[in-house]
Amino acid sequence: MSSVLSDIKKDYIISLLKNGKREDGRGLNDMRDLKIELGIANKAEGSCFVQIGDTKVIAGVKCETGAPFPDTPNQGVFTTNAELIPMASPDFEAGPPREDSIELARIVDRGIRESGAIDFQKLVIKEGELVRVLFVDIHIMDYNGNLFDAAGIAAIGALYNTKMPVLDEEGKKTEELMPLPMKKIPVPCTYAKIADSILYDPSMEEESVMDSRITATTEDNGRISAMQKGDVGSFKKEEILDIVRRSKVKGDEVRALLKEKFSEMR
Amino acid sequence: MSSVLSDIKKDYIISLLKNGKREDGRGLNDMRDLKIELGIANKAEGSCFVQIGDTKVIAGVKCETGAPFPDTPNQGVFTTNAELIPMASPDFEAGPPREDSIELARIVDRGIRESGAIDFQKLVIKEGELVRVLFVDIHIMDYNGNLFDAAGIAAIGALYNTKMPVLDEEGKKTEELMPLPMKKIPVPCTYAKIADSILYDPSMEEESVMDSRITATTEDNGRISAMQKGDVGSFKKEEILDIVRRSKVKGDEVRALLKEKFSEMR
Amino acid sequence: MSSVLSDIKKDYIISLLKNGKREDGRGLNDMRDLKIELGIANKAEGSCFVQIGDTKVIAGVKCETGAPFPDTPNQGVFTTNAELIPMASPDFEAGPPREDSIELARIVDRGIRESGAIDFQKLVIKEGELVRVLFVDIHIMDYNGNLFDAAGIAAIGALYNTKMPVLDEEGKKTEELMPLPMKKIPVPCTYAKIADSILYDPSMEEESVMDSRITATTEDNGRISAMQKGDVGSFKKEEILDIVRRSKVKGDEVRALLKEKFSEMR
Amino acid sequence: MEKDIKFFTNGKRIDGRAIDELRNIKIEVGVFKRADGSSYIEWGGNKIYCAVYGPREAYPRFLQKSDRAILKCRYNMASFAVEERKRPGPSRRGVEIGKVTQGALEPALLLENFPKCMVEVNIEVIQADAGTRCAGITAASVALANAGIPMKELVPACAAGKVEDKIVLDLCKEEDNYGQADLPLALLPRRNEFSLLQMDGDLTEEQLEEALDLGRKGCLQVYEIQKEALKKKYITEDVLNE
Amino acid sequence: MEKDIKFFTNGKRIDGRAIDELRNIKIEVGVFKRADGSSYIEWGGNKIYCAVYGPREAYPRFLQKSDRAILKCRYNMASFAVEERKRPGPSRRGVEIGKVTQGALEPALLLENFPKCMVEVNIEVIQADAGTRCAGITAASVALANAGIPMKELVPACAAGKVEDKIVLDLCKEEDNYGQADLPLALLPRRNEFSLLQMDGDLTEEQLEEALDLGRKGCLQVYEIQKEALKKKYITEDVLNE
Amino acid sequence: MEKDIKFFTNGKRIDGRAIDELRNIKIEVGVFKRADGSSYIEWGGNKIYCAVYGPREAYPRFLQKSDRAILKCRYNMASFAVEERKRPGPSRRGVEIGKVTQGALEPALLLENFPKCMVEVNIEVIQADAGTRCAGITAASVALANAGIPMKELVPACAAGKVEDKIVLDLCKEEDNYGQADLPLALLPRRNEFSLLQMDGDLTEEQLEEALDLGRKGCLQVYEIQKEALKKKYITEDVLNE
């Protein structure tokens, strides 16, 4: 966007925000419509489609077995990859800013890994030798803002949807299937800061003019498991604490929908 | 080529074709001079030089041993690679259209693999563990049209030229040499469609103005083992069947020369 | 540098050289101030910082174990890598001429490998199966001319600085440390040819106008272990022999400083 | 490649179809907001999305053609679309399929209306089950129409093949893996010409003719499904707009 | 990730520090000739160099912004900076740290003074020992000042964390690897806002507040060290110039 | 690297040559149609093709020099040119040889006649047997002449080496692998200067001088073969044109 147009749009969005309003009529704390669908790709061991407004994301899980990392012989291996494919946006085509997809994958990865959502020790088949190797691959299909939440929700959804083959003593696959040893449901909530307003679930338009971005990941128990300030800009301590408080509430709402989907699955 | 020049050239070639003529005086079904030389690179287990008019191609075979693919434990491994090196054309220099060399390699690969030219099961040393691994590498040396046929003929020639070491029970190389277990001699025949004419073995000039391209690969017994329409354009059913009929005849001619060279080799 | 500016600078440097003078006041055979510091990076098994004038280079050694190359089952593995990181020069940023860093790494590598500086046979743990694998990584930190000598001296310094863990019979690391089995101290001396003058240790300014470049590597015993003409230009036989004679003297001076540092280390 | 499989039982194929019967096909039009045109196809066990962008200025500049738009086709398989995880990113197979897809679609488009421009087709396979290239071309043609790219006709695609010496339509996974020949085709229905034609396996001339005829019939059925999907989209929108 | 470690002995941490105590920090300014600005930082066992180039014309051209300079931050770890050799060249981790570093530094710079230009920050880790991103930002801010890039304020950075349920300042290696949470922060001291904020682990809201407060104190101490280093550089130069 | 090899028998080398004897060399000129100039050399067991394109406008543009053409040299080894299959594509070794080849050839060319242009030299090794870089330079110089690139003189190349403490000409494979030193040289015959000089191994000053002298003699023999090949090409063409 040319900077003149961008300035005009920014002025417009700010003038709305002064009255607590957003372009699409939402309140500062409202999420666009959230839709979650599990098990949409049957060659994947687990999969999840997430739609937030017009942003659409698909995550798939593949399970293999392999050697653990030398420094964590008693843990399974977990890898997250995100593809900002040209399907999702005309901008991803023009020499896609590779670093955006790396940042996205790393944030989703840490949000799951560090929160202890997966019991990695239960993924060990033979300590130091053979463990489960999980790949979460996230495809951005239609990009209309707030990839972080869509990708994070899709990833955790796909993991809970996963059925992997039970292995016999020799590590060979049996016909029987089992779920992943999941412990928690971390949910990321992302906010844009524009002028002095902080708005949940930014649209693409809002992202294009925002001063800064922040994601807070919370768990069932209300604890914070990950945070990440993105882009330029800065936050006051009070803003950060406010964001965390809002994320607990909004995270619980998303978690409720996830749990509903998980229970349907059985 | 600028599109104006290209149009003039195209008009000229079409006006010739209306009278059943080609720029270089050939008939629609004539191949340029074909030259085949076997065993031209003695560090390769097999090699073949092919010249069609001024197009020159070299193929070399290297044999190694390795693990089979998990889904084909009772078959050897076969890989075809093609290099459109800048030596062969001033256009290959300018950020070569990588996809052309991939397409070329894949067509040659399938033409040999799917035709059953090689008895892959005889390349197994120990089922599921150790098999022969064959690499066919094709170097385009001088590009003057019809790479597909030159590369395909060079590949099959190099495979028939191959002498690989006999292995002892433990899979170690002995001094003795043996040929590859070859079963068939598939030969590709490529045609350009220009206006409504279909011409065998297109020259570079003809390729530059052609509407479409098609390759048909036939075997000794007159059967069709591979086809590939290339570039833009389309073909009527009758055209396709006509091409197949012509390819049987022309394929037999090329096969005769190959067989002559193979028998000289012994 | 524009070619006009370059010509003016070249004329000035040549006019000085006619009187045996250099821009920075040095004689033709003078090195800028040389500073060597060992053990500057304690996660590396060996490390060395080298400063020649304002050119600054850091080399680090990492030791691992692994399989030897099939054709040298009774020798350790040795790899040299050089990084012309954008930190060191504004020119390294703009799509760095990768080939310069490859040339640098290969010259340093050969200067050490071919001189027999390391007793590679003593790096074998189990012949044909397990050997020491040495990585020398060279970081160019501040580029102000004569990388070849700075990198070569840093590499040999880091190797002499290396303490690697003693291995038990099974190839496992023990707490004990041992130095690398070093045999020689090869030292590279680089010269620029400008007009008909040949000057030791060229500055960046001198390099920017030089006609040609040559590096001679000598050992303790005054023997020559490596030479490399770089860039365009050519040398008379007499010039080459003169360079070799000068390199013996200058190489001994550098070696003296290295030996002093090595003895401090113990 | 051969395996002891019984391909026919009581004249029915392994998945219960007749020899000239297509698998179930469902096409949705306009599934994405960001793209200029889009579609989603389910074809047997295949699930494929397609998004079209353009016409817009072609870059890098040296790709521009002074007399028409260029067509770029990207075929990608999600890492989780197949049994054994595929490494993310472009593969040699994907590059070739992108190229033949472009060759199949381009003859149906009026690219000369947009000199120096490019039209981009992105095909994303989410679940793969034999015949993805034909399904991708079929979906892409619909997405191009949805994007308003001027065209002479839609391009339906469908494979014929040979199994136990019989010519059959639209191979399923087992037939594809262990059959005797596979012949993916794309048809220009009005011109009655094939714009995609690949073949691997072993066919006589007569079998080839039979397969071309059967494949053509399959393409014409697919063509109807393409038109239905577009019609439904328009009608739905008309209803909504009232 | 957990390990049986005794993190506190007589109120002292594993390396003898108090819970609100920084490791030793030493900053040198102007260590390179070629760069427009540079610095070297030793922070505990970390050894990091930073070089700044610019402002100069941004390339490739399409990166240029008409209303301000762009800031490029490159974070690289030498292959020998860690126990297990790191493969030379860019890593996914390095790319992300480069990105958050840029986000942390940019709010403090007056980039609007230099439209169409770029400022490049190169951070090179020679020895790594927990907290390299904070040390790198701290060093980079000083190098930017040394390069004369106009700025509103320096940007100090420092991590807080949680170990055995206690909030501590500036995690050491063991605390980083086996502790409960890590919270790297960068502060804009005058605005009193955080321009770097990442967190992994497990914190309650109260612990987060405590950690932000402690991290802020740490940043302010680092800020003093930054100013000292710059002051020393000027004074030394003034003395030399007399 | 050492091995128990008997390098000399009755004053003859391992392949029967005298110490100052070259292997058989055969050069053909103008072997390709597409290239502006080309050549093929067989030198002992080496088989190498060379193609030259140019002068034509240099690209990418930023490579252009306002006062002369640039010379690009690409050295490539076919994957099947050596015992152990080489991975296709550029290698570090190939990059370095391309660079020294350019340095060896450029002093003989009048590149100042073609500002902003480039001349491209492509060397392709089909069969390798010690001394490929010298053979490549020798062939390239002939191909440049065949392309009509104006030059001051041809550039012959040839290695000297040390084996069992004797200085020998044009090392064969065993001598190269297990000998004491290798000294590839390229000569500018009229100026009597070396434009390629590399050395690995162990030489005294006296041995270096002896090797330079012997290498020079070898280069002069190669020079005659280059001239013969070009002469033969012209004569043949003259005869054909009559």
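For clarity, chains are labelled A, B, C, D, E and F in written order, and residue numbers in each chain start from 1.
Everything that follows uses one rule, which is that a residue touches a chain if its C-beta (ideal position, glycine included) is under 8 Å from a C-beta of that chain, and two chains touch if they have at least 3 such contacts.
Model, not experiment: these values are computed from the prediction.
Common neighbours of chain D and chain E (chains touching each): A. Contact with chain A and chain F alike is made by no chain in this entry.
Centroid distances from chain E, each centroid being the mean of CA atoms, peak for B. Just one of C-F, C-E or A-D has an interface built like that of B-D, with over half of its contact pairs in common by residue number: C-F. Distance between chain centres (mean CA atoms), chain C to chain D: 58 Å. If each chain is reduced to the centroid of its CA atoms, chain B and chain F end up 32 Å from each other. Among the residues of chain B, those in touch with two or more other chains are 94. The ring of touching chains, read from chain C in the direction of chain F, comes out as C, F, B, D, A, E. Of all the residues in chain E, the ones that touch chain C in their complex are 32-35, 45, 47, 49, 51, 53, 56, 59, 74, 76, 78-83, 85, 88-89, 120, 122, 124, 126-129.
Across the interface of their complex, chain B is touched by residues 62, 65-67, 84, 92-93, 95-96, 98-100, 102-103, 106-107, 183, 188, 191-205, 208-209, 212-213, 216 of chain D.
Within the complex formed with chain D, the residues of chain A that make contact are 40-45, 47, 54, 56, 58, 60-62, 64, 81, 83, 85-90, 93-94, 135, 137, 139, 141-144. Interface of chain A with chain E (complex): residues 2-3, 70-71, 98-99, 102-103, 105-106, 110, 114-116, 212, 214, 222-237, 240-241, 244-245, 248.
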